[in-house]
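Structures are listed in the sections that come next.
Each of the two complexes below includes chain A, the first together with chain B, the second together with chain C.
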Partner chain A sequence: MMVLERWLIELLLTFVARDEINAFLRSPQNTATIIGCLIAVSGALLGTFLLLRGMALTSDAISHTVLLGIVVAFLLMTDVFGMAGDTSSPWLILGASLAGVGTVVLTELLYRSGLLRQDAALGLAFPLLFAIAVILVSRFAEDVHLDEDAVLVGEIGLAWANTNSHCFENCATVTINPDHPQAKMTRQCRNCRELGISPRDDGAEFVEICSNCGSYSPAQAWQAGYLQKEPLLVFFPKSITVTLIMTVLSLLFVLVFYKELKLTTFDAALAKALGFRPGVMNYALMILVSLVAVGAFDAVGSILVIAFFIIPPAAAYLLSDRLAIMLLLGPLIGAVGAFFGYDLARGKFFGIIEVGAVIAGLNRISGLDLLEEWDSSISASMVLMIFAIFLLAWVLSPRYGLISTLIRRANQSRRFDDQVVLAHIHNHQFTDRHLTELRVKTLHIHFRWTARKTGRVLARLRALGLVAVVDGFAELTARGETQVHAFRNAMFEARNIPDID
Partner chain B sequence: MKVKPMSAEDKRVWLTIAGIVVLGICFLPIGQWLFGIRYTYTVRVVALGGSILGVISGALGCFAVLRRESLMGDALSHAALPGVAVAFLLAGRDLGVLLIGAGIASWIALRFISALLGTTRLKQDAAMGIVLASWFAGGIALLAYIQSIPDASQAGLDRFIFGQAAAIIESDLLLISGAGVVVLLALALFWKEFKLVTFDQEFAGANGFQVGLINTLLSTLIVIAIVLGLQLAGVILMVGILIAPGIAARQWTRKLNHMVILAAVFGAFAGGVGAVISAIDADIPTGPMIIVVAFTLVLASIALAPGRGLLWSSWRRRLDSRRFARQNALRDLYRYALSHGSPATPVPDTFVRGIGDRSAALGLRQLLSAGLVETMGDNWRLTDAGIEAARRDAHSLRLWDLYRLYADDMDLPLLGEDRHLDIRDVLPADAIGQLEAMTEQRPN
Partner chain C sequence: MNDRAPLALSVEDLTVAYHSKPAIWDIDLGVPEGVLMAIVGPNGAGKSTLIKAVLNLIPRAAGTVSFYGSPYEQARSLVGYVPQRGSVDWDFPTSVLDVVTMGLYGKLGWLRRPRRKERDLALFALEQVGLLDLVDRQISQLSGGQQQRTFLARALVQDAQIYFMDEPFAAVDAITERAIVKILHQLKERGKTVLVVHHDLQTVEDYFDWVTLLNVEVVASGPAAEVFTPENLQKTYGGRVSYLHDGQVLAAGD
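Up next is the complex of A and B:
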């Protein structure tokens, strides 16, 4: 991980100066936005396939279990192996993603027993695993930073502070031993506590103790003032590295196995017949989902992460029919949502509307006395922005949107009404029943419509020049006649019936 | 009034219900003796509250399970969170108001999910995931905003996230039981309608029931059950309490009324016992403990339930394989002996084992202890009783052949063909008579 970070920073240093990098990364907004976007991209890439496979809620199950994996691995690391507890340690990530895959296997086993259905198996497994995790957290892990808040929303706003320092020039590590000129020596009583005497009493023995001995990394040495020349340091937030790795892995996975993923997603049976292994692909996908969920845990917690998996692909699904375009749109939507999400948390909606002003307006209208300063959770706000984009896509999508669907349905029902009336006139024109069937005043009875609706349809048909009213009777014009024939022929052709006329 | 005799399954279900009730009552002194639990006032209130909530959510959870909407419970419970926050902002921290807010929020989520399903091509799981995540995010954002208000009165709102049963007080109990009685009454009142739309919506619609209305009513009741349970388990774990009792109950019975009663009892057991266990140590949170108890019930039911449990079916598979082994061994011996002369011809051991291996050994052991075969050195020979049994079996097979060919023509009762059963045990005597007559008409 350190190597990767170093390589990345070297790459950056060729373009921008060190101070700029540090200043950029030290801003909570920049770091949080970068992490949010990375999670959104990796989540949307994998989520697209989850969505298309009808497994969207599997990400929910995995993200819940990942918590259990993290807690157990954390407790094992700190209590059993005595390592330092660090939620971005590779061991932790490994253990947690194994746990994630474990859930998938567990639900599959429950489901395969044939005694309960898939949704019930899923709905049973993850509350249980989450419950166990919560019991473990509150019973054993009170003092660590795995508190309930972190579990829920993560700490994306603090990610900038948790950094690895990298040194590029003047990198002297300083080791201070008692002989070092800068060593601070203090005298301390060696046996005072044992004998219960004060250092001033007789018999007190003293030792020289060095209070600042030890080895200092370049960053620490500079901070403590042991270096003359300032080392060229870059502080790189750990979360960015973790999420970046996850994003690259997801991207590689999707690019390399694009064909296989597509085939197993849309036609698992065909894939199997062609010699691919849908099962292997499925588990590979689950492993990556677990990895991303673990990587995102620090930043957005274990529940909100499912929004990054489900919502952007769902929005993309409403906008496009092509897998490749969905795979481009999903990450884009997620990243844009994450970008504007930080602003929302600080009280700005898309940079236009001030949330504080809205609350002030509410206060004026309702007489409530709410705080007019909006300062909220960053990760939750990112999810809300992604949801806002989803809503936009839902309402405005050209093909599957709410508006276009409503327009299309209205058009369809209008066309249907027209055809019904035209066909009715066509069928009864020039027959001996046309006096009863085609009288405009009683026409609505035959369709069981209201008189108003019939009048409306008739007016439209007359305006189109398809129907004429002669002496209170409806009849087809020449254009109306051709229209009916064209429609009938089209229908017959569509069903392969030869025209009987 | 004539009382209909109870079937074996009915008896079993009532026995299970009684057993669970007794177990729950017995747990109180056992807990005191084993874990040193002291039944203080708080523990009593919490345990009682847990049991009542368990009854309500267990009974209604059955419908969620049967309608394959288990995960809907998850989405709706997560969706309650913003309602709690908004209700708090508008009206302060009165439990009733907060619960009403929660109910409204999850009800809106419910309508939103159906709107998504009705107007887009998204599948149910995606729609639920979208609503779950964004409503929950809204709740978290509002809670964070509330926390930034410099006023200490918001403390304790986050108990709706993880649940905090210890915060239940006596006045809450009244509210919970009042709402519970209303919900259960509504359930009883619309029992027929709920049953119908749960199992066959098309049929209900065709018979003039207002399917949409009934569905909405049922979902609303489920929402109320979820909202009431929130303070016990919190929005994240509520789905477990909702569906686990139903899933456990489903294993024991095939009747809806039994299932609902059993689920209510399971729910009460999980709620009460979970609450009591969590009183052992202040560090054990109540909601998660109740989930663990409920899941234990599910596991026990999956393993033990008569008729479909894992133990039961593996035992039946064992019995079946023993029976098949015995019959196949008998048939193999008989056929070999017949084709080499008389039925009493000794059959070489290598032949029998060559066809059946382990299963043959199992069958031969049974035949030997039943006195149907005897060993002659390395050979096996049918005894007189064995020959008689094999003849009966061969005759049964012959009747099965005829049954397969002529059952339609002779208008015999329809059976699933199971050639390991003696046909004379499964067909009525007159049908056997007809088949016997057939054997005489058509000798082989």
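Up next is the complex of A and C:
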């Protein structure tokens, strides 16, 4: 991970100065936005396939049970192997992805028993694993940073502070030993406690102790004042590295296995018959979902991450009917939502509307006394913004949106009304019953419509020049006659698809 | 039958069980090359199960299957499969051409992408089933018959030797039905073997020259003229003669 970070920073250093990188990454906003966007991109890429496989809830299950993996790996690291606990350690990531896959396996086992339905199996498996994780956290890991808040919504706003330092110039690592001129030597009583005497008493024996001996990384050495020349340091937030790796992995997975993912998602039986391994693809997808969920855990917690998996693809699904375009739109929607989500958390809606001002206005109007200062959870605000974009797509999507569907239905029903009246006139004019059937005043009775509706349809048809009213009787014009023939033919042709020859 | 004619498909002692209840029981079946075979039987007779087990899509409890003498793993490229139309999500965001191209994925293998050549093959198959006007259509906008023909084109593009079709005639319009029959006969003329799960007893003899009557076990299998008799149908369908149209079946027995 360090190697990767260093390589990345070196790449950046060819474009921008070191101070600029540090200043940029030290801003909570920049770091949070980058992490949010990376989670959104990786989540949406994988989420597209979850959604199309009808496995949206699996991301829910996995994101919860990775907690178990994290906790177990954490406890193993600290208590069994005596390592330092660090939530971005590769061991935790490994543990978490195992737990994620474990959820899927457990669900499959329960489902395969034939005694439970798929949804029930899932609903049973993940709370179980989550509950075990919660008990482990509260029993054994109370003092670590795995607190409930972090589990719920993460700490994306603090991600900037948790960094690795990389040194690029004047990189002296300092080792202080007792001979070093800056070594701080103190005398300590060796046997005071044993004998219950004070250091001033006779018989006290002293040893020389070095209080600051040890090796210092360049960053630590500079901070402690052991270096003459300031080392050129870059501080890189760990969460960016983790989420970046997850994003690159997800992207590679989708790019390399695009064809296989598409086939196994659309038609697993054919995929199997053609010699692909739908089961393997499924588990690979689940492993990656687990990895992204654990990578995102620090930043957005284990619940909100589901939104990054599901909402952007759901919006993209409304906007496109091509998988490739969905895979472009989903990450874009997620990233835009994450970007503006930070603003929302700080009280700005799309950078235009001040939430504080809106609340102040509300207070004035309603006499309520709501807090005008708006400073809320960043990850939750990102999810809200992503949902806002989904809402826009849901209402405005040109083909599947609410508005276009309503318009289409209204048009269809209007056209249908027209056709009912036209066909009625067509069927009855020039018959002996036309006197009763086609009298304009009583026309509505035959359709069981209101007189108003009939009048409206008739007026429209007359305006279009399809129907004429002569002596109080409706009749088709020449154009109306053509129209009737046209839609009758179209109706019959709809059932006939081009023949094969 | 001439014993030396090569068997396109040979099934021996095949049993498949769901929860230890046999869905098909000790099936022995030899299908000679170049026949159009209907698999006929009542609901729950295991027709789809037979096809799926033959293609290794579901685990077999017992038995062996070979295609031209080889097990399925080695004969994959010889086999084309048309699943039931309802087995996939037709709201999947993809186009008709894309679905047909999927038939070529097996030949492409892992990681290789379809290119111009695959596109042309898919277009040619779509032309054969009369869907050339709809290649860029989103698949949810197809009628049932058009969906079935898309599946058929996807199987054609595989250029297999032996085809398995699971109820291709289910709920399709008359024109699609004729189109499918025509393609079945073209396949036969090209020496392909086709096995079709079929429901409509009235059309069995018109469409197919070989019949397997199945009800968990094989009741009879062979040339339609010999096998498709009222006695065999009675054995297959038991008391449920309402399936039969007397005139039709009796005429067949004459």
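By our rule, the second predicted complex is superposed on the first by the 495 of 501 C-alpha atoms of A that agree within 3 Å, B and C clash if a C-alpha of one lies under 4 Å from a C-alpha of the other, contacts with A are read in each partner's own complex, and residues count from 1 in each chain.
Methods note: contacts are C-beta pairs under 8 Å (C-beta built on N, C-alpha and C of every residue); 3 or more make two chains touch, one makes a residue touch a chain.
Bear in mind the structure is a predicted one, so any value in this text is a computation, not a measurement.
Asks: Would you check which partner chain A:F390 touches, where first means chain B only, second means chain C only, and both and neither mean what they say?
Replies: first
Asks: Applying the document's definition of touch, where does A:K259 land relative to chain B and chain C: first, second, both, or neither?
Replies: In the superposition, A:K259 touches chain C alone.
Asks: Scan A:L318 for contacts with chain B and chain C and give back first, second, both or neither.
Replies: In the superposed model, A:L318 contacts chain B only, not chain C.
Asks: Taking the superposition as given, does A:G225 touch the first partner, chain B, the second, chain C, both, or neither?
Replies: Neither: A:G225 stays clear of chain B and chain C.
Asks: Quick check for you: in the superposed arrangement, does A:L274 touch first (chain B), second (chain C), both or neither?
Replies: Second partner only, chain C.
Asks: Using the superposition on chain A described above, determine whether A:L115 touches chain B (first), chain C (second), both, or neither.
Replies: The first partner, chain B, only.
Asks: Touch test for A:L304: chain B only (first), chain C only (second), both, or neither?
Replies: The answer is first: A:L304 touches chain B but not chain C.
Asks: Is the number of chain A residues in contact higher for chain B or for chain C?
Replies: Of chain B and chain C, more residues of chain A lie in contact with B.
Asks: Quick check on my understanding: which residues of chain A belong to both its chain B contact set and its chain C contact set?
Replies: In chain A, residues 54, 317 are touched by chain B and also by chain C.
Asks: Contact residues on chain B for chain A in the complex?
Replies: Spelled out, the residues of chain B in touch with chain A are 65, 68-71, 73-74, 78, 89-90, 116, 119-123, 125-126, 128-130, 132-134, 136-138, 140-145, 148-150, 158, 161-162, 236-237, 239-240, 243-244, 247, 250-251, 281, 283-285, 287-289, 291-292, 295, 298, 302, 308-310.
Asks: How about chain A: which of its residues touch chain B in the complex?
Replies: Chain A reaches chain B through residues 51, 54-57, 59-60, 64, 113, 115-117, 119-120, 122-124, 127-128, 130-132, 134-135, 138-139, 142, 148, 152-153, 303-304, 306-307, 309-311, 314, 317-318, 345, 368, 370-371, 373-377, 379-381, 383-384, 386-387, 390, 394, 400, 402, 405.
Asks: Touching chain C in the complex: which residues of chain A?
Replies: 52, 54, 114, 256-260, 262-263, 265-267, 269-276, 317, 320-323, 325-326, 495-500
Asks: Residues of chain C touching chain A in their complex?
Replies: Answer in residue numbers: 19, 52, 55-57, 73, 76, 79, 81, 83, 87-89, 92-95, 98-99, 102-103, 105-106, 108-114, 128-130, 133, 138, 140, 143, 145-146, 154, 173, 175-176, 178-179, 182-183.
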